[in-house]
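Following are the structures in question.
Note that chain A is present in both complexes that follow, paired respectively with chain B and with chain C.
On to the complex of A and B.
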C-alpha cells in the first residue's frame, strides 16, 4: 500500500513538467490517419464532400470513395425537389469530382435558387442558396447566376447581425450565435462575388468592423491558442468550439478573399487560431478532422497574415551525448518558411528566472535539413529544467506583413546527465554513545555488498552525496531506501538531505514496532532517480519511460532505463530484535501477486450448522403410542362414570344450534392443524375471526338455552 | 419376640389405617357430582400426557425445545383451565354461586381456543 502511494506521488511529480505541449505542424501521420478515418463509404454527400476536401488539401492521391457512385448520387440530389442543403453539398462534391452534368440542370437549379432567395428569411436558406449559386458560377460559366438585387440580399443578411459582431439564425430568433457569424460572412462574400453591380463600399466596411468586434469575443488558452466558443442557441444544433472556430475562419477567409483592402486583425490572433487547430493533434472524428484541416488550409493561404509554426524535434538533451538544440520553422502544413533567422533571446533555469544562462544568440541554419540549431550548449548548462525564449526574425521586411511569427516563444527544455555519487558510507552505531561499531565505505557505482548486524539498541546510518556534472549538489526526485525482510515484508524510507549530504539514520529502538518485531536478515536496497537523470530519446517517450521506471520498480522487476538512475542492493543487515509483546500489530500478509487478481477466485465453501442429533425413530413412535394411553384412560373413565348424552337437546332448533356449535369448534381445531401445516398467521387470524363469530353466536344460543332449562328445572 | 410381635401389628395397622383413609376419601369423593368427576378425569388425562412428554424429553434431550415446551404447556394450560372450570362449576363453592355453569363452560372453551392458537404458533 505504502509502495503504491509513494509511486503514485512520484509519478505525478514526474508528469507535471511535461504537461506543456508545443504544437507540431501537420505531417505524414495526419495523412495516414486521414486514409484510415475516411475509408468507410460515406452515407451522405456532406460526409463525402468532407472526405474529398481533406484528401484534396492533404494532397492524397487516392480517392476516398468511388467516383461513379458518388456522381450518381450528386445527380440525384440536383433534382428539382431536393432540399437546399443537399443541392449545396452535391454542388460542392461536383466541384471536386467534376462529374458530367448537363448544362440545363444547372440552369434549372439556378433559377430555382434565385426564386428561393427572393423570399428567403432564415440565414441558413440564404447561406445555402448563395453558396450554391457561387458553386454553379465556378462549375458552369455559361449559366447566368448574377444577382440583380445583390444590395437587397446583402441587406437582408446584414439585418440579422448584432452589435457585438455575431449573427442570428432568423429574424424571429433573438439569440445570436458565433457559428452563424461564420455562415453569414460566407454568405455575404458570396453575394459580393455574384453581384451584377458594385456593392456599396460603406456597407462592406461596416461588415469589416463587425468582424473586428467579433474577434473581441475570442477566448484564449494559456499557451497562446485562440478559439471561439459557442453557448447553446435554441433552435440550432449545438456546436463545439472546434466547429465554431472553424466556421468563423471559413467566413472571414471568404470575406477577405472577395473584398479589397485589409481586415484589421492582429497577426497574433491568426497564429493563436493556428495553434488552437494544431494543438488538437489528430482528431478521431471525421467532422473534427475536416474542420481542423480545412481551417488550417484557409489560415495557410489567407490574406491577413500567414502563421509560422516553430517546432522542436526534441526537448530533452543529454549532457553526455552532447546533443544539439534544434528547432524548425514551417507553415502549418510543414512547408518551408521564407528566409528567416531564429534568435535565442534568453535561456534560464526554472529555478532561477533572473539569471540567464544564454543571452541573445542567433541560431545557425542548416540548409539541407531545414533546422536552425545551437552549435553547443554553454559550459554552465547543468542538469535541470530550463525555459528557452525564442524569436523568429524574418529577413525580408516585406514578408513581416504577410507572416505571423508570434513574438517571443517560451519552450521548456530538459537537460539530463550523469550524476556523480560520492562519499557513500554505511555504519552501525551504538545508540547511547554514538560510537561507530562497524563502518563501511561503499562504491555505489560498483557491485560490492556489505553484511552488517545490529540489535535494537543500535542505529544504522547511511549517507552519500550526489553531484551534477558541474559539481553542484543534486536533489533527485526520488531517493529512498527499502528494507526487505525474508518474509517478503517491505519497508520504504525516504532519504532526507541536509545540505550537501543525503543521510538516513535508523534508530531500531523506535522502529521495532514498525518492523513488527521481526528479527532476521533484511536486504537493504537504495533507489535514487530523477527525470533529468534518465535518458530517453524523445520527448514523448520520456514521459512514458520515467513513469515506467517507477512502475517496474514497484513490480520488483530489474529493468531500468538509466543514464545513471539506480536501484541497487547495498547489502544485508542481520537484526536482533526483542520478542513481540502480545498487543503488537501482526505483520501484514505477503502482497498478493497482481496477476492472480485476474485468475479464478477461490471456491466458496459454505459452512452450515451441523444438524442436531435426533432421537431414534422407534422410540419416538413408542412414545406416540404411549401418549394415547391417558386418552384411552380418559375415555374408559368416562364410561365408568356412566357419562351419556342425554342432556343433548331433543327439540330441533336447539339441537341444530348445538350441532353447529360443535362443528364450529371442530372447524377451529382443523384451522389450527392447517396453521401448523401450511397457513401463515395472518390468514389464520382472519379465518379464525370468522369462525370465532360463528361459533360464539351458536355457543351463546345453545348455552343460554341450557341455562334456561336448568333454571326452569330448579324453579320447578 | 415381643419386639417383632409388636412391630408387625404396628406396621399392619399403618397399612390398615392408610387403607381406611383411602377408603374414606374414596367414599367421600364418590359423593362428588358426575360433572365434576368428568373434569377431574380430564385434568388427570392432561397431567399424565404432560408427564409422558417430560419423560420423553428426559430420554432424548431438549431438541426441539419449542415443540417440547408447547406440548407440555398445552397440557398444563388446559389442565389449569379445567381446574378453574371446576372451581366455578362446583355448587359447594359459594363464591361463584351467581355464575351459571354454562357461562363458565363458555369461558373455558374461549380460553382453550386462545391458548391453543398460541401453542400452535409456538410449535414450529
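On to the complex of A and C.
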C-alpha cells in the first residue's frame, strides 16, 4: 500500500515535467487532443457516450461519430433483452444525440427497469436501473418513472454502506470500495429525484455524514492535490486513482444537486481535487480523458465551492529583457474568474528565506489580456532562484463562499541574467617562493588559448571573477576545471571561491599521485554553469550573443562578458612529472570506442611454401645424355673386344632354359621400368616375387648346365 | 474417443509452442506499472507497440498475481518495467526471476527515475548499468538544457548525442533532440555488451540541482549515459533508461529547443527515438540468422568429408535479417569467413548476391590438420552470428606426388642404363667363348 502511495506521489511529479505544482487550466491543446483521441470509431455505446460527453463539455462543434449510425445502435440496445448496462448507456447517448425514439419503447423499458429494481440486490444493478429511469424521466416526460417504493430502494442502497463512508458492491461481498461509493451516491440521488413521496430527511442527512466520512479517507500530494485511492477489490475491475476520484466526484455532485442544504466539505478539498485532475495533463486514454474532463466540469459547476486556478505562463524571467511577472487566474476550463486581485504576499530568495525582496504588493490587472502583472521587478532583484508567495483576494465577499482559492500559493521563480566574467588569469608559480614564472591574462569570451609548461615542483594558478548584473559575487552551481591528458584520462576539480575571486591552485607535487605520474600535454578546460546564467539565442533574448557582447564592450571596455553557461578550452599545460615509482597506481583503462570493436578484420591470405628450385629441363636432358654415354661406351667396347655368344647351349633343353632365364631377367628389368612409369610398390613386389622365383629356377638350371659343361671341358 | 485423444495430442505442440521470430502474431509483453495512470499518460508508446502486433498485458507491479512463468513455460516474450519506485514485486517475481527471464532469451525494458528503488537499481546493475549512487542526483546540463518558460533548473535536457547505428535507431535520421529528465548512469568500460545509445553532452553532470556541490560529481560529461541498451550473448536485448517520463505522451508531443540552438522543433525526437529503439529491443530489426552453410571443391557440388592441402574450395552461407514480419535477405559487404586451426590461416570477405547468399572460394593452405570454417559476425546492433564447421585437411598421398620430374631424369637414366648394361653383360659373360 505504501508503495502505491509513493508510486502515485511520484507519478504526479513525472506527469508534470514542465510545471511542478502550478497546474494549467484546460486549454485548446486539450480540445485538439480530444479530436485526435476520439476520432476512432467507437465500438460500444459506453465509448460513444464518453466521446459525445467530452465534446459537449469542451464545446467542440464537430461530432465525434456518425449520428445516424449511433442512433441505430441506441435503438438496438433499447430492446427488451439487452443488459442493463447497455440500456443505461444507450439512454445516455440518446440524452445527447436526441434520437427519434418512440414513447412506447420508453414505457416498456421503464416497466422492465422497475421490475428489475424491485428485486435487484447488487449495487451495479440498482445503479444502472435507477440511472436509466432518471434518464428516461428527462427524455420522455410522459412516461411514468416515479418510484412508489423509493424509501425501500433508498434503504437497500444504504444497507450496502460501511461505517467509514465507503460502500460495498453487494451484500455478499464484504469488501468496501471507494469507487462503489460514487456509484451508490449517484444511485441515491437518482432515487431521491424519482421518489413519488418525500424521502425521509434524516436518512438523507445520514448519507451526508457518510460523504464527509468518505472524504476523511482522501489522500494528498505534497503540492496540495487531493485524490481517492482504491484498494484492489475482489470481484471488480481494478480502478486507478483517476477513475475512483472521478466516480466520487460524480456521485457527490449528483447527490448535492438533488438535496437541499450544503454538504459540509472544505473548499480546499475541492480545489485539491481540481488540482489533481489538472495535474494529469492530457491523458492518452479515452476513458481517462472522459473522467478528467467530466469531473472537472462537475467541479466547475458544483454547489459547494468552485475552484479557481492560478497559472503562470512563465516562471523563468530575464533581468535583461525586463520581463513582466504575469499571473492568470481562471476557472478550471480557463474561463474568466470573478473580479479579484492577486496579491504578492512575499518574495524571497531560496537561499535566504528570511529576507524578503518584495513584501505585500498587489499585482495590476490588465483587462484585455486577463493577466495580473507586476510591472517591473524591484531594483534589488538579482539573478537567482526565488519563491513568490501569491494570494488571491476576491473583491466580492459574497463570492468567497462560492469560490475556492486555496490560500497562499508558493511559486518558484527563476530570474536569469548576464553574468560578467572578468579578471581571468592563469599563471605558473614557483613552489617555494611563489614567484610568478609565466603569467597570462585570459579573455574568457574569446577563443585564445594559452600554452604553458610546468614541472612537479611548480604550481598552476587559475583565477577569475563572476559578477551579477547588480555587482554581487555570483556563485555558480557548476564550476569545474578539467585536466585532460592525451591518453583520454580526465581529472575534475571544483573551483572554489574565496571572497570575490574564484581561484584554483594546482600544487603538482601533491597531485602527482592523482595524475598517475603521467607527463605530457594536458588540456585545461573550464566549465561554468548555473540555472540562472543567461543563455544566448534562446527566445528570452532576441539579440544574438555577439551583438550583446559588442554592446557591453562599447559601454565598458575593461570588463569582459560571458554571456552563457560556458565550457571552453583555456589552453594546454606541458607537465614534466617524475617517473612513477613501482608501487604507484596504474592509470585506469581509457574507455573503449564502441565503434572500433566492430567492423571487419583485415583479410589473411595463406602464404604457400615455395616449390623447390629445379634446374631447367634442357640441362637435365643434357645430363641424361651424358649419363647414357658410358653405356654406349660399354657396348662399343664389347663390340671392339669382339664378344660373341658362341657358348650359347646348342641342345634344346638348355637353350630353352637360357632363353627363359634371360627373358626372366628382362622381365624383372622391365618391371622396374613399369614401377617407375605406373606401378606401385605392392604390385611391383608381388610381380617381382613371381618373376624372381621363375628367373632363379631357370637361372639355376642354366648356370648348373654351364658349370657342368665347363667342368667337363676342364677334365677333358 | 481414440480419435479425440489423437486430435488433442497433435494439438499439444501447437498449444504449447513458445515464441519464435517466425510467429509475431502473439508476442506478449508484460507491462508492470506503479500506477495505472502511466497506461494513459504513456499511451502513445504503448500504442506504437500494440500497432506493431504486440499484445500488452498491463499489471500493477505489486499485484500479488503476476507471474512470468507457469509450469516452466514463460507466459511472456518481453517485460516492460515502468515501475521505478517499486521496492518488491508482487507474486513470484523478483530480481532473480527477471534475470532468469533475460537469461532465457527474453527482452526487457527498464525505466528508472529520480527516486528509483533499490530493486530497479539492482536489476540495472546486473545488466551492467550503474546508476548514480547519490539518490538525490539527477542529470543537470547548464549548456544543453531544453529551453522552457516554466522549467528553470536545467534538469530537463535536450540531448542529441545518439549512437551512430542505423540498425539500432533506424535509417531515418533523428532531427530533433530527445527530451530527458531523470538520472544518469555509467557503463563499465570493460563490458562489451552494453552500449550507450543516448549520451549526455560534455557539460552535463549528475548532481542534486538544489544543493551546492562539495565534491566533483561522480558522473560527468559525455561518459554519462542517459539511455543504454544491452545485447546479451544469448541475443536477449535490454533497454535501460534513466527516466520514465521520456516515454510519456507529454514528452512525445512536446516541442523542443536546445539551449544555444536557434532552431525550435515542433516535436521532440522522443517518439521517433523510442519507437525505433523499441523496434530494435523487441527484435524487429538487427536479428540475423544464418542457414545453409555449404562448402565443396571447385567444380563439385557434394560436401567432402576431408580436404587435401592445396585443394580449391568454395564456401557459401545464407544470411537473413528479421524485418518484423519476414526474413529478408541481409546485404552487407563485411561478412568474413575464417579457415581456422588455432589461428586463422585464411580470412576472406564474402561476396554476396543481394539475395542473402554469401560466398567465396579459396585454396586450402598447405598445412594439414583439423580446420574449421568459422564465421564470427559481430556488428554494432546486430545479433552476433557464430558459425563453425569442422573439416580435416590431409597431406598428399604417396602416389599424389609428381612422378616424372625432369630434374631426376639423369638419375633414372643412370639406373636404367645400368640395368641395360647388366642385361647385356650377363648374356656376354655367360655365353662368350
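Just so we're on the same page, the second predicted complex is superposed on the first by the 473 of 716 C-alpha atoms of A that agree within 3 Å, B and C clash if a C-alpha of one lies under 4 Å from a C-alpha of the other, contacts with A are read in each partner's own complex, and residues count from 1 in each chain.
Simple rule for what comes next: a contact is a pair of C-beta atoms (placed from the backbone, for glycine too) under 8 Å apart; a residue touches a chain by one contact, two chains touch by 3 or more.
Only a predicted model underlies this, so the values are computations on that prediction, with no experimental measurement involved.
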| item | value |
| --- | --- |
| Partner chain(s) touched by A:606 [first = chain B, second = chain C, both, neither] | second |
| Partner chain in contact with A:51 - chain B first, chain C second, else both or neither | neither |
| Which of chain B and chain C A:211 touches, first, second, both or neither | neither |
| First (chain B), second (chain C), both or neither touched by A:248 | neither |
| Broader residue contact with chain A after superposition on the shared chain, chain B or chain C | C |
| First, second, both or neither for A:280, with chain B first and chain C second | second |
| Partner chain in contact with A:65 - chain B first, chain C second, else both or neither | neither |
| First, second, both or neither for A:414, with chain B first and chain C second | second |
| Partner chain(s) touched by A:700 [first = chain B, second = chain C, both, neither] | first |
| Touching partner for A:633 - first (chain B), second (chain C), both, neither | first |
| Overlap of the chain B and chain C footprints on chain A, listed as residue numbers | 614-615, 620, 623, 626-627, 630-631, 634, 638, 643, 665, 669, 672, 676, 703, 706 |
| Complex contacts: residues of chain C adjacent to chain A | 34-44, 47, 60-63, 83-88, 113-115, 140-143, 145, 147-154, 156, 163-164, 179, 181, 189-190, 192, 195-196, 202-203, 205, 207, 209, 212-217, 220-221, 223, 244-245, 248-251, 253-254, 257, 259-262, 264, 310, 334, 336, 338-339, 344-349, 363, 365-367, 378-380, 399, 403, 405-410, 412-428, 430-433 |
| Residues of chain A that touch chain C when the two form their complex | 3-4, 6-8, 10-11, 13-15, 17-19, 22, 232, 238, 240-242, 280-285, 287-289, 312-316, 385, 412-414, 416, 475-478, 480, 482, 490, 492-494, 527, 529-533, 535-539, 564-567, 589-592, 594-595, 597-606, 608-609, 614-615, 617, 620-621, 623-624, 626-628, 630-631, 634-635, 638, 643-648, 658, 662, 665-666, 669, 672-673, 676, 680, 702-703, 706 |
| Chain B-touching residues of chain A, taken from the complex the two chains share | 612-615, 619-620, 623, 626-627, 629-631, 633-634, 637-638, 641-643, 665, 668-669, 672, 675-676, 681, 684, 688, 692, 696, 699-700, 703-704, 706-707, 710 |
| In the complex, chain B residues that touch chain A | 34, 37-38, 41-42, 44-46, 48-49, 52-53, 55-56, 59-61, 63-64, 100-103, 105-106, 109-110, 113, 116-117, 120-121, 123 |
